[in-house]
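For reference, chains read A, B, C and D in written order, and residue numbers begin at 1 within each chain.
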C-alpha cells in the first residue's frame, strides 16, 4: 500500500512518482483509468463512469527525454515532450484513455500525436467554449460533455445514470470546497501554510481517488489550523503563469527560502478551476457547463469578457501584495502573451513585478533563484 | 547538378489586376478612420468578410500585414520593437510584427493602416489568435467579439458545432447593427456569397491544373500570391473577374508546356508556411534542383475549397459556419496527414517537404510525427527543414541548403539506381 | 590514375587520395582555420604528397563538408550525408545505419544494401553543435577532448544532465561542480545525454543493424559506449572515422570516372 | 568603522575593505578555483592581511556572487545584481542604467540616484553565453582572445550576425568564414550582435540616462565601441568595475549597520 500521507515529503514523492503507483493499483483492482492534460477537464464524468481520474502534469525531471525529442521540435514546452515520453516508455500503460482540451495549440496537437502513437487507447479532445459571453455557450458545452459521456460509456461498457452523475458532482463539490478553504488559509495566514505544502496537497487530488483526497484534506486542514508558527518579515507576492507546466518543487521551496510569502498562485490551476459552487439540482452536465462558462477561474487559457488586467489589479490589492512574480514555463505562449498587458498595468499602478522562466526538468536554477532574491532585496533594501 | 538559369514568367494581366485591387483596397484603408468608414480586424482562417461587408465594414487582416512586412524586410525591426515592450523571443513572429507596427505608426509597406472599430476574433485553428486580439483590445481599447469556431476533432463536423457557430453569427449581426446603424439584409448577404462561390470554383480549377506535367505554376511559392483575393477580398465581382483571368493564363501556360522552372525535375508537396523574410532565397534553394510544388497546405489555411468547402447563397449562415471550421489548421492531425497523403497521390508528387516554423506551433507540432509515418509506413520520401515564417533571425541558409541538397541528391541517386524506399 | 575527396569541415579539413584499386594512397588532416579556400588546397596537396603521386594523375576530385563550394579545384560537390554513407558502407559492407556526430550537426542516415541514402534526419536547432557540446563541457571541466571520454568511463553514479542547449549546459555543469559532484560522474552524464539525443535521432530513421559511428567524435571511447548503451546495439567504429567524408567523396569520384565522367580541368577549364 | 565585501564568482573572487567615509582601503582579486567555499575565506584573509587588520576590526562582512552562501564568516549574503548596482553607482555616481555582460549571463539593471535597484532583467536562456560566444568566435577565427576587440575596430564592413542563440550565431560565423569574409568584419559583426542583444534587454528596463558597463567585457575595446555605436552615446567603463560587486556589498554592509543601530 502507499506510504502514510500527510507529511509534505510523502506527498511530494507521490506527486513526483512518474510510474503512477495509485493508477497501477486501481488498474490491478480491475478498474479503468483516464488521464487528462493538466489544465481543466470535467473529470466528474470519469468518476461517474466508475473510473479513476488522473491529472497528468508531465514528468518533471523524472524521465530522460529520448524518443519524444525526435517527435516534438525544440521550440515547444517541456511538459509536452515529457508527457509523450512517458507514453512511449510505457509509464502510462495502466491508462485506458486520455482527455485533452484547448489549453493552447501545442496541447491540442498533442492529442493528435497521442491518437496516432497509442492506437489501443481512447483519446478524446474537448473543444471547451471560449466565447463565454455567448448565450449559446452553455448549450454547446453541455453537448460537448454529453459527447464525452458517450465515449466513457463505450469505454467502460456501462450506462452512466443521472443519479451517478449527481453523486459524483456532490463528491467533487465537497472536495473543491476543502481545496478553497486550504488556499483561503494561506492567503490570510501564509506563515501557517507554505505555498509548497498547499501545492503538493492540491496536486495529490489529481492522483488519489476523490474520497481519499477529501479525507486527507479534512485531517490536514484541522492540523494546519492548530499550528502556532509566527509571521516573519517576508515579501508578500502573487505568483502567476504556472497553470500548466509546473515549476520544480525545489524551485518553489527556494523562492520561499529567498524571503517570499506566496499568498496565491495559479499552480495546478486545473484542480482549482471552478471558482464558485455549482448548482446542486437539475441536469448535472448543465450545472458543470454553467460552472465553466460563468464561474471559471481567471487563466491565460480561457478568454474572459472582463479584461484580465482588471482582475489582476483587484487581486493584488485584495491580497495587499508587495509584488507580482510571473513564473512561466519556457516556450509557454499563453502565459508569455498575458505577461505584457499585465506588466503594463502593474507599472502604472507602481506594483513591483518580476518575470522568471523555468523548465520542469531543471535541476540547477541558480539563474531563477538569484533573480527572486534580487527581487526581494530590491523591495527590502528599496 | 541543377541548372541555375531561370526563365521569368512573362508579366501577365493577372498580376497587374491583383496589384490594382490591392492598391484600391489599401487606398480605402488609408482614409477609413477620417471618412468614418467602420473598420473590422479579422483573421484569414475562417474569416467572415462576407458578413462584415453587409454593414460596410472595411476588413483589415493583421496576418497579411505581418507577411508583407516579412517580404519587404521590415519584420525584424517591428519584432524587436515588440520585444522591447516585453514580448518574449519565443512567441509568434506575426503577433510581434503586428504589435511593433502598431507601436510605430501602423505604417505598413502598402500604406498606413486604420485603427479597428471592431476586433472580430474568428478563432479558427489557432489559439494564439485569441491572445493576439486580446492584446490589441488592451492597446487600442476597441470592442472585441470572439467568434468561437470549434476544432474538427472527429472525422466530420457535428450539428451541435454548426448550431453554436450560427448562434454566434446571429449575435455578431446584432452587434454590427448596433455598431453601424445598418440593418442586416439577408438578400445582400446572399448576393455577396454568390460572388464568393464563383471565385472559389474558379480557384479550385486553377489548383487542379497543377496535376499537369509540367505544372503551369508553383502551387506554394506562386499560389501564396494568387490566393490573396480568395482569402482577403472575397464576395466582390472584381475577385471573380480576377480568377477568370488567372485561369485563362494558367491554361495558356499548360498548352505551351511552360512552368515556373526551365525543367521540372521533382514534383513535391510542401507542408507549412513559407519563410517570408527570405522568400526569394528560400524559393531558390528548391528552384536550383528543378523542384516544383504541385500542392501545398499553407494555401488552404484560408479555406479547403479543393476539398469541397463552398460558401452557399441558399444556406448563408450554415455555409459560413461550415467554411469557418474548414481551415487547414482547424483539421485534426489525422485528417491533415490523410490530406497530405492524398495530395502526393493525386498530384503524382515524388516527395513531401515539411517546413517546420518556430512561430506557428499550430502548424508545427505533430509534423515530426507525420514524417515518421510518411517515411516508414507510406514509403514517401520526406524532408523536414526548420526556420521561421516571420522572424528573420531563424533562417540559417547554410543549414537549410545542406539539408535540401542532401535530400535531392539522395532522390537523384535513387532515381538512377531505381532503389525502392 | 587516382581520385581524391576533400572534406572541408567547420573545424578540420581532411583529404583522401584513392587509387583505381580502391586502395587509400594518401590522407591529410589539418585545422580549417580562417581561410577555407587555402585549407582545401593544403589538404589536397598534403594528401597527394602522402600518396607520392602527382596532381596530374588525379582523374576526378569531389568536395564535401560545409566548405564544399570552396573546393575550387574540385569537379563536383556532394553533401557529407552522401559521402559518409558511401564511406561507411565501403569500410563495413553490412552497414545499414550511419551516425555522424560532427562539429556543427549530428546526422543519422539509413542506406540500402547498395549504399543509397534512403532517409536521413539531422539534429534539432536547440541540439545543434554536438561536437561543440563536448568541447564546451571539456572546457568548463578543464580537460582536453581526448581525456573526457576515458574519464567518463570510471563514473560510479552518473549525474543526469538535463540541458540540450550547448550554452546552458555549461552553467548546469558549473552548478554540479559547485555542489562538489565528482568530475567523472558529470562527464558520464554528459556523454549519456548526447547518447540519448543521438539515439532519438537514429530511431527516427530506424535502428537497423549494422550501425556505423563516423566523424571525429567517434574516437571518444566514452561516446561510443554511451551511444551503444542508448541504442542497445554495438556499433562499428573505424580508425579512419575522421576521414569518412573524404573517403566517401573519393569513392564517389571513382564511380564517376568508372561511369565515364571526365576530369573538368583536363577537359579544359571550369564548366 | 570598516566593512568587508566579498564577491565569490565562478571564475575569480574579489574582496574589498571600506571605511564609513566611503573610501576603499584595500582590494584583492584571486582565481576562485574549484572549491568555492575556500575561495571566499581565502580572499577575506588576503584583504585583511594586506590592510594589516584582523577579523574583529571588521564591523560587518557581506558576501555576494555565485558562492555568496559559502562564506562562513559572513553576516549576510546579497545577490550580485543588488551589489553590482550599488558598487557601479559608487564608481560612477551619475549611473541610471547598468549593463553587466558576463561569460554566461547578461544583466540589465535600472538604478535610482542612490544606486538602489528599481527594475532589472536577465537574459533569456536562448540569449545566453555572450562572453563564451566571443571565446569560441576567437577560436574559429584563430585570433587570440585579447586581440578580439582591437582587431574588430579595423572593420570596414561589419557582417550581420542575426541569431539570438550563441550556438546558431557561431554557425553563422563559420558560414561567414567559409564564404571568405574578412576576419575583422566578422569580429565586429559578432560584437554588434552581442551589443544588440544586451541593449534589447536594457530597453526593457529603460535605457535613458547614463549607462555604465561592467563584467569581463569591459576590458574589450571592440565591445565598448559596438555598444556605443548601437546606443548612440558614450558609456562609463573602467577596469575598477570588476570590483563593483564587492564594493556594493561593503556599502550595503553600512546600510545594515545603520538599520541595526537604529533598532537598538
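Descriptive notes on the structure:
Note that in this section contacts are C-beta pairs under 8 Å (C-beta built on N, C-alpha and C of every residue); 3 or more make two chains touch, one makes a residue touch a chain.
Values in this document were obtained by computation on a predicted structure and should not be read as measured data.
Within the contact network of the assembly, the step distance from chain C to chain D comes to 1. Touching chain B and chain D at once are the following chains: A, C. The greater number of contacting C-beta pairs, out of the two interfaces B-C and A-B, is seen for A-B.
Using mean Cα coordinates as chain centres, the one most removed from chain A is C. Centre-to-centre separation between chain A and chain D, using Cα means, comes to 39 Å. The distance from the centre of chain A to the centre of chain B, with each centre set as the mean of the Cα atoms, comes to 35 Å. Rounded to whole angstrom units, the spacing between the C-alpha centres of chain A and chain C is 46.
Annotation for chain C: residues touching 2 or more other chains are 66, 104, 121, 124-126, 171, 204.
Annotation for chain B: residues 85-86, 88, 90, 358, 368, 372, 386, 394, 398-399 touch two or more other chains. Residues of chain D found to touch two or more other chains are 66, 105, 124-126, 168, 171, 174-175, 178. Put simply, chain A touches chain D in their complex at residues 330, 355, 357, 366-367, 370-371, 373-374, 377-378, 381-382. In the complex of the two chains, the chain D residues touching chain C come out as 10, 34, 36, 66-67, 104-105, 125-126, 128-129, 132-133, 136, 140-142, 165-168, 170-171, 174-175, 177-180, 183.
Against chain C, the residues of chain B that register as touching in their complex are 1, 358, 368, 371-372, 375-376, 381-382, 384, 386, 394, 398-399, 402-403, 405-407, 409-410, 413-414, 417, 419, 421. Remark: chain C residues 66, 76, 78-82, 104-105, 112, 114, 116-122, 124-125, 204-206 touch chain B in the complex. Partner chain A is touched in their complex by these residues of chain C: 121, 124-127, 160, 162, 164, 171-172, 175-176, 192-193, 196-197, 199-201, 203-204, 230.
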